[in-house]
């Protein structure tokens, strides 16, 4: 999982990219990068850590420019190296290409193999390099054609932003798995990003819309140009709306806040329980908890205090230190919880370890009963489209019944929303969503990659 | 405003101090410092910035030790220099003293003058140095006597933690203006801190209580020793409970969360208004908003999204960049606000600029009406006891009527809780609180400093 | 110009690579990088600045491993970006390749074009990537064959070190333009580096020899294997021995110290002048000055004091600040120079600006006469093999007569050693050297690149 | 040992102080600090490490100002803490004092005791704070009087620079133990520093002279004012001229370069030996080696190559790593040394460990014989005036005969210059020097401190 952003402006974009990436930091804390065009050509600065930790004043001096793109990356167990950070650069056909990507290809390995057989040499371990290579190789004077050829080959989830030839370029897979949204200002600036938060914060928002699945955008001196390619079949990741996006996200017709709140309402009907209070696991669980509270008539309360100041982590921590760091993030409010029967609303259960830890600490803080309510169905299948879910072995719901999960996490009761309930809360047609992590129906099968 | 912390332990305290300070970072983001005892004697590391930014792995190596204290400091306009960071050290009478302080003396200037006349030389601009000097000068083999003599001279607000002679020492002014709380573990560790959050997070909490006003604590090999000094007259800062402390604070008999929530309930009765939604200015406004919502029956909703990743600031920002940074902190949820009549609950109004900015952005996001409700009375008087309120000229409520304030901040209606209402929500006797910022009744007059 | 180093050892190499690169820092101060093999696969850490500035303790933790390579790069006007730093990585044929290079290809552009036409995409602007791509593309199970195929295609100067498949690999162009030297210890460690200094300092020096021109070395579990490829025609860069290498260098049969000293002796015979003292421009001018002094009988003295502590540079310096920084490097010793006729021996004159500046400051310090003596002939032609000489327009000797140069730099007299004199001082056959910067005879023409 | 610098200028001094301190870095590498006056009052920035490592661009922004002072400190075993870094600040009598000091008081302890008894509290462990306290306490409207009163109390070595009341102030003890030199420019700038190098480099050198022993300088708007105080008895540290100062130093009538060279000449007469080459231990041994070579007729050669790029050190180094770091500093030139009888000229022998290490490595590099010649007499007594010599137990010459030292360091012969020889080389009267480290005659006895 990642966030991407690109800005085409009449004025310097380095700090706008920086603040924009900061507003998307929830989508990735491991590495960050910014790349701009200026009189020195393409200038790139990337490295490990939060955007606030990596960039400093001298970065902004170097990164001055009027067109730029940026990226933040989620921690992924097997690819932590800096050379896997984005954006990536390519020099080919006498041109400079810079590219950043959110999503995941299902035929990455097959394409790498084929490109390798044709003589390609890769310098990173990420599928982004496959996309970049294909675009650059396919380029023959027309960037849109190069992208179309690339889209014909790559399968899976990709929302992509590029710098090319003094243009800002973006494209999104025909399933629209991962979000991508564009804003324009009356005075001619354009911004494209993974969520709407940076668009509103930076204020390039006189006109805002999602990129269509299969849409290609080119912004240059002559304005904004839109193209379409591929067989569109909407498969917007529903897990984005459940968990990943900010509460203020408005993506592909779903308002995250409203959706989560309505899921809570549905859940209150589907899985009522007698209790004193409804509390949320902040931040993505909060709207759901409010919806549950409203529907059930049980008061909502804040029972977990979140620490606002968390920065980089440190090496060689002992087990005790690791526990300290965990406790810092969320502190149960004894005064709220003590002697009470509590309904806790969270967005999802993946491994179950966080839930178990949390329930244990809430009980230590005096909660008499803890009833766990989840605004998404059990996650039983891995995601091949960019959400960093673990293998099935580690997915608790793939291996245990709901009653077994309940016992393992130590809850007094446990309920997940039904698939139908969740879908009804979206107010959209069921078939616009990818729900593969819940039902295993993958629109684009990883196995298809063999056919490349 | 500051936070202080001290730990006396059987094991290394450097990372515990670090995480403890981190949980108190809301009380001060400008500078931080940690001081420990180890085989090298007193080791001190302090500097500007967040604790996460200043300390690194090599810090912890240097700061290993089993007794230590720490401090974070709020940004104050006129004292930003590193040499004003705490803890401070003193070498006197063949001993090493390290001291950190939260609060503010009212007779700092007079004492400095007197000490200067007697030949003292100061190396910082902070009143903490006056306390340190007096303790060190008064020391004659008995640290408790030295502290008592010091307490006889200093007037105002002081919660103090010291390292001295392999002891952890703490004392609190006889009015108990600023909080100070102590935790002990069954296995003999002791922690003293400005709030209870680090006590719970670090887990030295088998026995937890406030230091009494006028109490002196000495922890050494032989255990914990308590002394009392001064004419106790409780004057706990009510603004701590309104705004400054974390929502999970439990200080001097007031539970911040419950207090703020009940203030909201009272306010709903005192200043009802017809509206669609109640929203909070997070985080300290949240319980109040919930209370208001419950009492009024108007639904609570989350209407402002808070950015979780804010780090150090950067130099030479333009006005545009400054605005970007402000917008990043709180983003109005258009989907919640649009077309709605909104009640916004906040903890206080000091200058009024933040409120004006917020209301403007909420209206831009589509809020039809914005009714501002404040869970504290108008702040009309400066604080001399450690809260960094501006001079009366800048206190909006000292200069304008409520109707004028309403107009200036752009609200459709504005109401403050009554003094009686707030006090009733505390469930304590009125006279245990310092409410001087609201009513101008200063228990310890700054003018008294002349008499030193 | 760069330095490269590689170590194959029984123990951790991270700090050895670090100290080794430090001893080669004179060959490049702009960027540095280290790459090792360990259980995480290939780990790479590179960035701008001196090795002492870029690496810290946490780097060494990450870079632990028993095989590794490193690189430092000279400041080059048009390629300052971090993405041009080395080592470079490649993933191809299921293998990881890491490569670092000193030298310069003459057919880089043609090869890039051809590889691009074949579909290659480049991610940097350096010819090193062409070498890496060719090796990776040519690899078909036998790394030596892949290198041979690569050597058949690339023309120019290349001393290369690679990590591949738990092997340390190195190869040198058939002309041996740039140095490359190998050391082995009795207990089985191997080191390969641009100069002998790290070999001696790290102490893997029981057996030390130059790589032959056209030699390929592979070090793995089974020991050290040597192969040869290409038509060997020795063309060792004589400018290495004149200026670039450390005074303790012993490369390709030339001992830098002895060579420089004998050049000074020859120069004293070829261009005698009556004077009081001989002084050197340290450090590479020192042996020449000593030789001149001994041969002429005029006493050698130290007339310029060198600053030992120079670190990274700072942005936005004014002209005054830039001059300060220059003055810091060398300070004329007034006491030595005052009222004296001085012979100054330097290694070379390229642009002439440093000489002019130096002579001006020596005269300000009281030198009555300054006679400049250069232990190399006039540099009239650009280098295509890795020395970062400017274009002919900026080469003072390509545009002015010796008398004109003398006038421009402000010397009282000026003499360069003759080509014959310099060659006789080398004690080797003339034809083993590349002297193209002096005589324009390029053994490998850039134009040949068209034929690729 | 330390270096101090102060500048009073018409323009910004922050970078001048930085570059000036850099040129004095040989006098102290452990900590550095700069303090200036500007509109924010006194601004101070200090910390551990080289000036190049501690200060960055943002430092210079903060440290802008037209009057400033700076300090670098030598590593001292027992006082490594940052709070011992200089300059120190004092706030007293409504004024700000900033002070930096080179030297060492002999009655520090007694004064501390007395000041403590009078109620002073110290915040550092350095005698500088005693000087600062006394000046501040003695101040009664006239800074010169305050300094005179201070000078009446403090005994020992002190060269001091202060910022006070928009003035640059300096004073030097009546013995003139440590150097202090002043430069003025035609356009009204003034610089005071420990050596002349920064004066020449920064270019405030139209008029340059030593401060007299007992001289007090005040520079303010009205110009430069000089005062004198105390019973002048010149006791200039001869070890400065032997070892500590740069080769370009010109202090108190001694030119370091000429002095060292003449010492070499004298030594050649006093302790001749048959050999092939004279080599120097750079940098302070170089002029002596040249003098020895000239007098003896044995050729001078460069036999040790010095590494130019040494930065900060790293934690947790193994013995092997420590040896690597040592080897990096000086590399023996095998080509020069092999099979040769070598005379090595060094400035002094203190512990003997460096000499032993060096001789061992020279023999490994093939030197047949190594004859050690020292341009100073045996160091038998500790220094109480600021040179960080070890206790007598660790001074090899205090415990062993010359023959025993020779055997321990592994030299084939060993000779020290005679006291008379060294003094004759100075061309000054014997009684202007402090030679206590050689002869134990302390002009100001530490024992006198009891009398304070």
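Here the chain labels run A, B, C and D in written order, and each chain numbers its own residues starting at 1.
Methods note: a residue touches a chain if its C-beta (ideal position, glycine included) is under 8 Å from a C-beta of that chain, and two chains touch if they have at least 3 such contacts.
Just so we're clear, the structure is a prediction, and the values are computed from it rather than from any experiment.
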item	value
Pair joined by more contacting C-beta pairs (A-B or B-D)	A-B
Farthest-lying chain, centroid of Cα atoms versus that of chain B	C
Chain centre separation in whole Å, for chain C relative to chain B (CA means)	59
Euclidean distance of C-alpha centroids - chain B vs chain D, Å	47
Chain centre separation in whole Å, for chain B relative to chain A (CA means)	36
Multi-chain contact residues (two or more partners), chain A	57-58, 315
Residues of chain B touching chain D in the complex	42-45, 58, 61, 81-83, 88-93, 97, 112, 115-116, 118-125, 132-133, 136-137, 315
Complex contacts: residues of chain A adjacent to chain B	15-16, 19, 22-23, 25-26, 29, 50-53, 56-57, 60, 197, 200-203, 246-248, 250, 255, 257-258, 261, 283, 286-287, 290, 294, 299-302, 305-312, 314-317, 321, 324-325, 327-328, 331-336
Chain A residues within the chain D interface of the complex	57-58
